[in-house]
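The two complexes that follow have chain A in common; it is paired with chain B in the first and with chain C in the second.
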Partner chain A sequence: MAPILIVGSGPAGMSAAIALARRGVRPVVVSDAPHAGGQGFRRLNPQMALDARRIYGAEARKYEALHRDFEAILPQIDYRPATLVWAIYEGKAFILRDGQAGEIAWSGLILAPGATDRIMPVAGWTRPGVFSLGAAQIALKDQGAFIGRKVVFAGSSPLLLLAALQYRTHGARDIAVLDTTPLGAKLRAAPGLRHSPGTALRGLRLMRALKRLGVPVHQGVRLEAIEGADRVSAIRFTAPSGQECRIACDAVALGHGLRAETQLAELADCDFAFDAALRQWLPVADADGRAGERLYLAGDGACIGGADAAIAGGALSAEALLAELGEPGPSARRRRLRGTVARLRRFQRGLAGAFRWPHEEAGRLADTVTVCRCEMVTAGEIRTAVRADLGPAEVNRVKAVTRCGMGRCQGRFCGPALAEITAEASQSPIDAVGRLRAQAPVKPLPLSAADTRS
Partner chain B sequence: MTARTTGTLIVGGGLIGAFTAWFLARAGRSVTVLEKGLVGAQSSGANFGNLRLQGRDPRQYPLSLRAQAIWEEIEALTGESCEYDRTGHLYLARDEEELASLHRYAEISRSAGLVVEDLDGPALAARFPYLDRGILAATFSKRDATANPRLATLMVMRAARAHGAGVLEHCEVVAAGHSGAAFEVETRSHGLFRSEHLVNAAGAWGGEIAAQFAEEVPLFSAGPPQFVTEPLPHVIAPSMQRVSGTVIFRQIPRGNVIVAGYPRTASDAQNLRTRVPPHKTLDGMAGLGLLAPMLRTAHVIRVWSGVEGYLPDMIPIIGPSGTQDGLFHGFGCCGHGFQIAPGVGAVLADLIATGRTDTPVEAFHIARYREGVQANEKFAREFDSR
Partner chain C sequence: MTQPDETAEPEPQPPDPTEAASPSQFVPAVRRKGASVTFRLDGRDLCAHAGQSVLSAVLEAGQTLRYNEFSGEPRAGFCLMNACQDCWIWTAQGTRLRACQTPVSAGLELHTSCPATPEGT
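Our next item is the complex of A and B:
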């Protein structure tokens, strides 16, 4: 019989694999990452002598336990790192490993592809020296490096605080946080955070630690521009008081929350629904993560929920899949996991109010600002296309006319802003402008791969 | 709700509907286009973009040449760009069987008045040094061109609108008939329409409209596997094609190489899409690498297909209905509708305005299906069950 296939080796994928291995099942685990851990629990480069406690703080023990458990089951699973699933078609995953193309058939599929940064463009955001928030953390965890000497963490995300603290504790002195969500919005969202008081508390501790270390945290700012000649030299913003401010810096880490990676779910034929709280399209799945016959979604790729939800969701999807395959485990465990995932996702929806996606900024973007980095399409070109006679108010058609989202990243970075600008220019609600259709390959595929088919 | 009345109703806002509307509106006739989704979103907007003259069905040359003349001036006439580019077209033969096809196609093309240049191996290597030396011979036709399908239909439809044509999107036809006095077309969202003439330009859905007038045709929908590479330095000037059709490619000035090839895949017409089987993408990639080895290091960034209407004899249905006066068909273009679309639009406008046309299109009459139709020899080769 074909194996159970897990795509992704972040907390959700690892946890699903651990759950299956403990039940005596040998899954195939495929991930395009060279090491397990995902982004949140990214494995620290052993050659860099990085201290997990300094990077992961209170989460260090969880990080170590997850990696330890995963390493313990390695002999019991078929783990294939650095392997890209570039398409899913008729019950098979099409993979690329070491430049070689191949296929994997499955008896059950668990998709745990994680999330990437969601970015609201700002004038100058394509300047050298601007990184996504995730990339700023990868530089530290993978290379023991900072993205600059004077780094500003800007956007709207609890990860701004975490990344700033990680940088600060590793010796970065000249850093600042610019958070676009006002304090008032955070207070209003506070009731929603009761679903995970521990996580909320961690957030408060982060704030306090940054304050103690003298890292300026500005809340409720409006980002105006990232300035510079060849590369970043400053970031300009408006303070809640209305005052125009400028911080000199040589790097900016930009992030406005997370965007679920959903291409594989779409290629696997999942239905999608618009999540108004997270303001993004998500694949439809039940409380166990079941999205189709022997098809499960877990982790941030299913719905933004954070690492704890991913760990619980990964195990839950494994248990539910085994039950569907006729090998049910203890129902109490599944109930408990289901409760954990639901509770943490409710928390995350509350968090989405505390760290708002500043969608209205799309309407303020100057026409000259680049929205699609791959194809160099500006906000003005998108607006012109939408407002033209017979101009489309649907993102796939806007993409067809402007090329926005047609490049190497396939709209994974410009997609959210494209949707907001299209909605604003066409005076349509955001859920009426559709979502970019996913197409293979999920990531660029070298032509030479076709010569290596066995 | 009172019915809206128009001179000509066109069902289908693809390229054929757009050109028909443009010609009629330009002649001062009242015309309304009903599009079930968005203008140019189906095969008109998702095709490869070839305006190929070489190797067409011999019966189609008068129509093709009339169409090409319109393409050549369309940007000047509309004042908009659809990235029309007179790139020329190169047919490549890599084996003996393809060599025979190459010569046969060249002969047909020349007899239709097309200038076709023969290139042997050394001539090919000198002129296109990036092509594989295993290619035996090629033919080049310089009048062939390319355009951007994503832009073309919108451009023509806007021009039609500027001349007064009505264009309704998200307007799906649910029933069409003739009352004895006029056509009556019921839509899902916009009520009833009445007209003197009706044009069926519904592409892959054209069979459903024809069936409303008791004209059954064996139309089915399919789409070719297509993909595009990341942008690369712009060196490939003409549009290129293995004569067998297994690999067709061109490079746009922006640098991306666009690739298509047979066999095609059956569409999921309900969900308005054709899924490209990944193994066909890999076949296309291998096939492209074989013709242009320098591209082996390139990356494929996007795969797509379209929903195209096909008929077993691999020629479209163009011309008056066999059952209903005033009804005209222009659909089922079998994957080569992009090039002929302006010609089809001009012919349909001729027929509506004067009852006749100087461009011979009898071979494409729908009545051929009453006698039964032989499948084209290309049929088995260009489709598969996968």
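Our next item is the complex of A and C:
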């Protein structure tokens, strides 16, 4: 019989693999990343003098346990790191590893592709020195490096505070946080955070720690521009008082929450629905993560929920898939996992209110600002296309006309802003302008891959 | 949400903010344990450490990985997790590699612009 295939080796993929291995099932685990761990629990580079306790703090034990459990099951699984799944079609995954193409047929599929930073463009964001917020953390965890000497963490995300503290505790002194969410939004969102009071409390502790260490945290700002010639030299913003401010810096870490990676789910024929709280399109799945026949979604790629939800969701999808395949396990465990996932996702929806996606900024972007960094498409070009007589404003049509989202990243970074600009320029609700449809290959392939297909 | 140890005092050292405008983008934050590796960038011999990616090795030596093919603007990568596809850099053979996913290796020869290659290759 064909194996169970897990795509992704972050907390959800690892946890699904562990659950299957413990039930005596040998899954194939395919991951684009060279090491398991995903981004939040990214494996620290052993060739850098990094200390898990200093990076992960109170979460260090969870990080170590997850990696230890995954390493323990390696002999019982078929783990294929550094392997890209570039298409899913007719019950097969099409892969590329070391330049060699191949196919994997499965008897059950668990997709756990994770998420990337959601980015609201700002004038100057394509300059060298501007990185995603996730990148700023990867630079430290994977490369033992800071993205610059004077780093500004800007956007709207609890991860801004975490990344800033990780930098500070590693000796970065000249850093600042620019949070675009007004304090009032956080207070209004507070009731929603009751679903995970421990995490909310950790957030407050992060804030206090930064304050104690003298890191400036500006709340409720509006980002205006990242300045510089060939590299970043400053970031300009408007304070809540209306005062124009400028911070000299040589690097900016930009992040406005997370965006689920959903392209493979779409190629696997999942239905999608618009999630108003997270303001993004997500694949439709039931409480177990089931999205189709022997098809499951887990982790942030299914719905933004964080590492704990991913760990529970991975195990849950594995148990549910086994039950579907006729090997029911303890139902109490499934019920418990279901409850955990649901509670943590409710919490994340509360967080999305506390650290809100500043969608109205897309409408304020100057016409000259680049939105699509692959194809160099500006906000003005998108608006011109929307206002031309295209019929109903729809993002895929705008993509076809402007090439916004058609480049190498396939709209992963410009897609959310493209949708917001399209909605604003056409005076349509955001869910009426559609979503960028995924196309295979989801990442660029060398032409030689076609020759070596076995 | 993960969080670092709040009680730990910041380690003194690495980056010195008073340092004159250095040409590098990335700054080492911790000691490197990997052996030293020599690679070439635009004809210059540069030092890196085993365990570094091409991206961090190049950005610790300078600021640019490539130039956008339409605007000519310099680029230095963006996401570091193989999602943005923005961190290509040229090899001496005229092929491109993704800098954030490729470990730096001894003798690797890289170019921030397309190197002149023999006709027809």
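The rule is simple: the second predicted complex is superposed on the first by the 451 of 454 C-alpha atoms of A that agree within 3 Å, B and C clash if a C-alpha of one lies under 4 Å from a C-alpha of the other, contacts with A are read in each partner's own complex, and residues count from 1 in each chain.
Here, contacts are C-beta pairs under 8 Å (C-beta built on N, C-alpha and C of every residue); 3 or more make two chains touch, one makes a residue touch a chain.
Worth saying up front: this structure is predicted, and the values here are computed from it rather than measured.
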{"item": "Which superposed partner A:Ala400 touches (first chain B, second chain C, both, neither)", "value": "first"}
{"item": "Chain B versus chain C as contact partner of A:Arg346, first or second or both or neither", "value": "neither"}
{"item": "First, second, both or neither for A:Arg338, with chain B first and chain C second", "value": "neither"}
{"item": "Touched partner set for A:Leu162, first chain B, second chain C, both or neither", "value": "second"}
{"item": "First, second, both or neither for A:Ala101, with chain B first and chain C second", "value": "first"}
{"item": "Chain C versus chain B, contacts on chain A by residue", "value": "C"}
{"item": "Partner chain in contact with A:Arg408 - chain B first, chain C second, else both or neither", "value": "both"}
{"item": "Chain B versus chain C as contact partner of A:Ala87, first or second or both or neither", "value": "first"}
{"item": "Touched partner set for A:Pro444, first chain B, second chain C, both or neither", "value": "both"}
{"item": "Partner chain in contact with A:Ile55 - chain B first, chain C second, else both or neither", "value": "second"}
{"item": "Overlap of the chain B and chain C footprints on chain A, listed as residue numbers", "value": "407-408, 444"}
{"item": "Chain A - residues contacting chain B, complex", "value": "86-87, 89-90, 94, 101, 388-390, 392, 394, 397, 400-401, 406-408, 410, 439-441, 444-451, 453"}
{"item": "Complex interface listing, chain B residues touching chain A", "value": "38-39, 41, 45, 150-151, 154, 157-158, 161-162, 167, 169, 229-230, 275-278, 281-286, 288-289, 295-304"}
{"item": "Complex interface listing, chain A residues touching chain C", "value": "32-34, 39-41, 45-50, 53-59, 62-63, 82, 116-117, 126-132, 134-135, 138-140, 142-150, 158-159, 162, 165-174, 199, 202-203, 205-206, 208-209, 213, 230-231, 250-251, 261, 306-307, 373-376, 407-409, 412-413, 443-444"}
{"item": "Chain C to chain A touching residues, read off their complex", "value": "1-6, 8, 10-15, 17, 19, 22, 25-34, 49-53, 55-56, 59-60, 63-65, 68, 70-71, 73-86, 101"}
